[in-house]
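I have a structure I would like to understand better, so I am pasting it below and will then ask my questions one at a time.
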Amino acid sequence: MIRVQREDFDFGQEVAALSAGNKGVGGVCAFSGLVREMAGETEISAMTLEHYPGMTEKALAEIEAEAQTRWPLEKTLIIHRYGRLEPGDQIVLVAASSAHRDAAFDACRFLIDWLKTEAPFWKLEESEKGASWVEAKDSDTQAQARWLEKDQED
Amino acid sequence: MIRVQREDFDFGQEVAALSAGNKGVGGVCAFSGLVREMAGETEISAMTLEHYPGMTEKALAEIEAEAQTRWPLEKTLIIHRYGRLEPGDQIVLVAASSAHRDAAFDACRFLIDWLKTEAPFWKLEESEKGASWVEAKDSDTQAQARWLEKDQED
Amino acid sequence: MKILYFSWVRDKTGVSNEELTPPVSVTTVESLIDWLKEQSAGHAQAFTDVSVIRAAVNQEHVKLQHPVGPDDEVAFFPPVTGG
Amino acid sequence: MKILYFSWVRDKTGVSNEELTPPVSVTTVESLIDWLKEQSAGHAQAFTDVSVIRAAVNQEHVKLQHPVGPDDEVAFFPPVTGG
């Protein structure tokens, strides 16, 4: 399931739904990303997440479908917020449930790695210096590249 | 933090504590293991987890300390239940929070991989055929071995 | 053709989306960019360095060589930074 | 010496823990096992195949060559299956 929303979400409740009533689930892996107070040396007062409505949902659905193809999963979940957030706020939740822990872990990490390079979101950080757009990180591109390399090895 | 307990735990509440009031946390990774209904072809009616009081706490504290040494983490958590559990019940929760997602993911997986081979727990499965002790899995030993190999590479 | 801009690309063009009719010579994302640069100083500034520009056609990531047509929805933005 | 048994090792010895005084010749986990096998048919059965036995001395995993002394707490169990 995917959701793109302005509202906060209840981590525990959302993750519980991945195994509720399904006694075939042996493991659930979940990751949540939060707004950090510091960006390098700069103290952040707020962050605004812009996205591309329509394409965002499409991109997330494709990422989820790809994970379902790669691993034997029971359920997957991606929730991504947009709008103005403050340090400590939740930005994103990805989770996967499976009979086995390896699949749950791998799929969960895949979801966040791919989302970071494929989903059309942009962060505008506010600090004393003003507002500035966050630059994409090489490490995120590399994290996705690791999955592509693994594909070639297989 | 580590806890060994008979009682169930609230996944969401426990994981929330890993980032609460700490605006340096950028990511939280959590994994929970549940009792599955099927063990291979056999339908499980219940499972009893036995452990070695004293050594269990010691082993879990060592695993947690090792994770804290290996990665820059904010907080870690291991909760492991013992006693009689039924399909769908939560057995274990491991979680890690960090400024960065890679550390949170790696540490979380490390916690569960090492726990599976180091923590003195034993599962007795009940089915129509009677009760039988679960055999250790080669895949668990291999999962731990992966971490040891990585150590040698470094 | 519907054109959308996001993040600092929008800040520079000064418009979030516009309905435009490029000449028939515009057949790829790349040639569309060249044409857009002539539309305003802001557009020219937004596309100064195309190596930092990403594009989507009909809401799919594409390379700059990708074809575009009159009924397409084309979006321009910097590398994404969600998650 | 305090000896503890867990899981099917306990099922076979028929006792979860016992306070024993092995002879001075028992200096390692391995020699302790050899001596324990003589204590009862259940003990003998529990230790038939030592390759599936794991040991802890004072609540730390050890190899079978590890030394043991009169004040030690020694535990025997199969490979762990928690998590």
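All chains are identified by letter, namely A, B, C and D, in their written order; residue positions are counted from 1 within each chain.
In this text, contacts are C-beta pairs under 8 Å (C-beta built on N, C-alpha and C of every residue); 3 or more make two chains touch, one makes a residue touch a chain.
Model, not experiment: these values are computed from the prediction.
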item	value
Labels of chains that are neighbours to subunit B and to subunit C	A
Chain located farthest away, centre of subunit A as origin (C-alpha)	D
Where subunit A and subunit D are represented by their mean Cα positions, the distance between them in whole Å	48
Distance from the mean Cα position of subunit D to that of subunit C, given in whole angstrom	73
Rounded Å distance, subunit A centre to subunit C centre (Cα mean)	26
Shared interface positions of subunit A, touching two or more other chains	33, 112
In the complex, subunit B residues that touch subunit A	10-13, 15-16, 19, 21-38, 87-88, 99, 101-102, 104-105, 108-109, 112, 139, 143
Contact footprint of subunit B on subunit D as seen in their complex	4, 6-8, 11, 56, 59-61, 75, 77-83
Parts of subunit A lying in touch with subunit C, wherever the complex brings them together	33, 49-52, 54-55, 58-59, 80, 91-92, 112, 115-124, 133-137, 140
